[in-house]
Amino acid sequence: MRELRLDKLGAIIAALALGGAFIAPFATFRANRIVAGEVKSVLDALPAGWSAVLLGIVVCAVAVAAVRSPAVLRLVAAFVALATLALGIGVAATHLTPEGNTYARVSPASGFWIMLFAFGLLAADALTRLRPAPFVRVVVLVAVLGFIGILLLSGSWDGLSILKEYASRVDTFWAEARKHVTLALGSLVAATTVGIPLGVLCHRVTRLRDGLLGVLNAIQTIPSIALFGILIAPLGWIAVHVPGAAAVGIRGIGVAPAFVALFLYSLLPVVANTVVGLAGVPRDANDAARGIGMTDWQRLVGIEFPLAFPVILTGIRIVLVQNIGLATIAALIGGGGFGVFVFQGVGQTAMDLVLLGAVPTVVLAFAAAIVLDAVIEMASPNTRQAEAA
Amino acid sequence: MIEIENITKRYGESTVVDDVSLTIAPRTVTVVVGTSGSGKTTLLRMVNRLVEPTSGAIRLDGEDNRALPGYELRRRIGYAIQGHGLFPHRTVAENIATVPTLLGWARARIEAKVEELLSLFQLDPASFGPRFPHELSGGQQQRVGVARALAAEPKVLLMDEPFGALDPIIRAKAQDDLLAIQKHFQTTIILVTHDMEEAFHLADRIAVMDKGKVVQYATPAEMLLKPATPFVESLIGAGERPYRLLAIAPVSSAVEPGAAEGAPISSAASQREALAELLWSGRDALPVAGPDGAVIGKVSLEGLAKRAAGPA
Amino acid sequence: MPKLATLIRIAVFLALVAFLLQPHWFEPLLRPLVQDNAPVIYNQGSLLQLTLLHLRTVALAVAAAALVALALAILVTRASGAEFLPLSRSLVNIGQTFPPVAVLALAVPIFGFGEKPTLIALFLYGLLPIFENALTGLTTLPPSVMEAARGAGMTSGQRLLKVELPLAMPVILAGIRLSVVISLATATIGSTVAAKTLGEVIIAGLQSNNLAFVVQGGLIVAILAVLLHDALQAAERRLAARMGR
């Protein structure tokens, strides 16, 4: 059996997963939302049949991880284990909650999170080794999100504490979700519309470049809460003194200052990446474009912009991921978004409420990063050229 | 005809091109040589107004080159540069089609032109047209660069060190191809280089530039026999003079009556090649074959030695 | 020109110190921002003390992050750790998509309120840029130099200490600089979970509708960030210049 050599990373994953499965508790049970909980091991938290299945699958996946096995097999093992964990925590919630008891709360405990991390690591490692094409990565993402969607719709997670928090806030949740996405995407669109022309201008007018980039750099150093707060004053003044401003939604507190703050934070990456992208266009290509009679506009649209596009896209990716995270702060000035649940949860020491705000934010940011990375890779000249070959 | 009249370019205090006047006959190859910083590239770039002169005028077939907006002027003048400047995100065919597209040619005409040019440069249109520049060898990229410059059938072609990035063997081939293409399209070419070998190989007339001024503008033979300044002389290289003199004339102009032993040399070869063959084979004379292959006379060491001699 | 820029920075630094020691000198400047009778200068604690606590939190988090990130980067760039290299690259990418607020909020249930969750969040968030830059620095060394070091008979330990780390240091410093700037701003959010930082001033301003508080809290952090950013960048340039880059 000389082929069965130990995989170093796999050994760490195996140790983590086994520790999570056999030593750390799987779920926490609390009689109501506030009281301290009691932790349950896998054996206590799940019906006998389920514990056997879950532990069996964990041990199998650990075996695959610990030895040097093909990456596809590792990926399958990781996804099977993750899916089992996802189903298992739902079963635990139903199993632990006494019939008819609406106060009792069940949430995942450290063992669950450790196993989630371990198998997530295994999946990430397998995917890194497989280097899937950009399109495949998006397909995997959609499949995972689809699986989570099915679990949510089927009600198999309904017993979990985080979903009980959700159930009591269905309407506000979706309203805040809409606000969150509108803030993050809207400010991105605004920043792109303004930032790309500004970047072009900076590229053409050298004297403007250092000044403008300096100012935008300085804006980035203002802490987000402060910038949100500082903008309250001028916007409040505009709302009162500019006729019609209040009618279109400009107010001192709420969405407007959050939108403006996110817009200002977004400008630097967009402008800077536009400048870098344009500066990276080969001199020869630019000289030839002028030499064969392209006007400045034709050169910008036909040569410079397409060549700089992947770099500009990278800027947009940075902005989108950053905005999705920063939009949570908007809640502090009444701007709404998922931050509402995070800060409410922090205020009430209700971990589940924090999760209700934090988990969707992380999922959104993560999905945005994967999709945009895929788009960037597809737009980059090297891949495009390789495909055409 | 290109008339360059008292053209000067200053950047602040420094004068890069200083009161240069040249008249370039149509359908000829003019090579501008000089050391780096001599102003030769700036001079070239003022012809298609990539650089605007400080004073002076340039006329193309009698028309001032400022009569048109710069970009329209440049669409009528071919432009090829060192490192080719191909657009990396466009295919070879799209690259060549750039200027015809800008000029609004019909699609069929553009496609036909691209195909014609690729074939002319010995690149199979079906296989090379859809490729991207980075998939081509250096020599192929350079040919596409020149093809792109010629796509709109310009009467004038400007070339800035077009062969500078090529290795010596490919460079020699590219130079021969360029001469063939120039004959085919009857293009007027102005070419900038720092390579004297290249200048003597390609030029009908050579302009030597030094510190912004043209110090001599003459045919290669005149320049060899009567260098205007010590700078021109050093540029040519004293040790190279006789060989360059032989290199710019064909064997046909050195044929003497009589017969000689051994394999004949083509009358189209250069006299320098004949000399090399004579020295290498240790003979005094070689038979010369005319274009049809028949022997038309001989070329002798003694005869070549006279032709290689400088003015007394 | 660079002289003038230095003078401006010194002036800004002195203004900051003056403001922290004698905030009431600046009252007239901030007065227009508040309604009548509202306090102009933060009055629920010393600005100087909060600033020092803010800096201490950032320093502790970044120092720990730098140590751990550097150790990890060295580990995965050795032959024995090479298996971890591709994964660690992906993990850095994944980690950077986590919003700092989420990291902070999730640390609260585990570590309770106060400075601890803030330190943990700053530490985790600060790891990424340093680790990423250290990886870049250690994996893009000129191959000829590495060959020469081997050829000169250096052991792997000597190569690491005398060649690799010094050569990679400017890039590593750039990562630390990024980490410092991010942490300075993120630490303010720590005050939402009761950490003692300058965020306290901003949040007090938001709660009592006192713009002067928001501005003074925000400006102190921003000025600290700009000054530290420039100082670290100058150090990088100096290091890089010494190596002729």
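Order of writing sets the chain letters: A, B and C. Residues in each chain are counted from 1.
Everything below uses one rule, namely that a contact is a pair of C-beta atoms (placed from the backbone, for glycine too) under 8 Å apart; a residue touches a chain by one contact, two chains touch by 3 or more.
The model shown is predicted, which means the values in this text are computed figures rather than measured ones.
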item	value
Centroid-based (C-alpha) most distant chain relative to subunit A	B
By count of C-beta pairs in contact, the leading pair of chains	A-C
Distance between the centres, which are taken as Cα means, of subunit B and subunit A, whole angstrom	59
CA centroid of subunit A to CA centroid of subunit C, Å	22
For subunit A, residues contacting two or more additional chains	none
Subunit A-facing residues of subunit B, complex	48, 50, 71-79, 81-89, 91, 98-99, 102, 130-132, 134-135, 145, 148-149, 158
Touching residues on subunit C, where the partner in the complex is subunit A	33, 83-84, 86-87, 89-91, 93-94, 96-102, 105-106, 108-109, 181, 184-186, 188-189, 192-193, 198-199, 202-203, 205-206, 211, 214-215, 217-219, 221-222, 225-226, 229
Residues of subunit A defined as touching subunit C within the complex	7-9, 121, 124-125, 127-129, 218, 221-227, 229-230, 232-233, 321, 324-326, 328-329, 332-333, 339, 342-343, 345-346, 349, 351, 354-355, 357-358, 361-362, 365-366, 368-369, 373
Subunit B-facing residues of subunit A, complex	282, 284-295, 298, 303, 306-307, 381, 384-385, 388-389
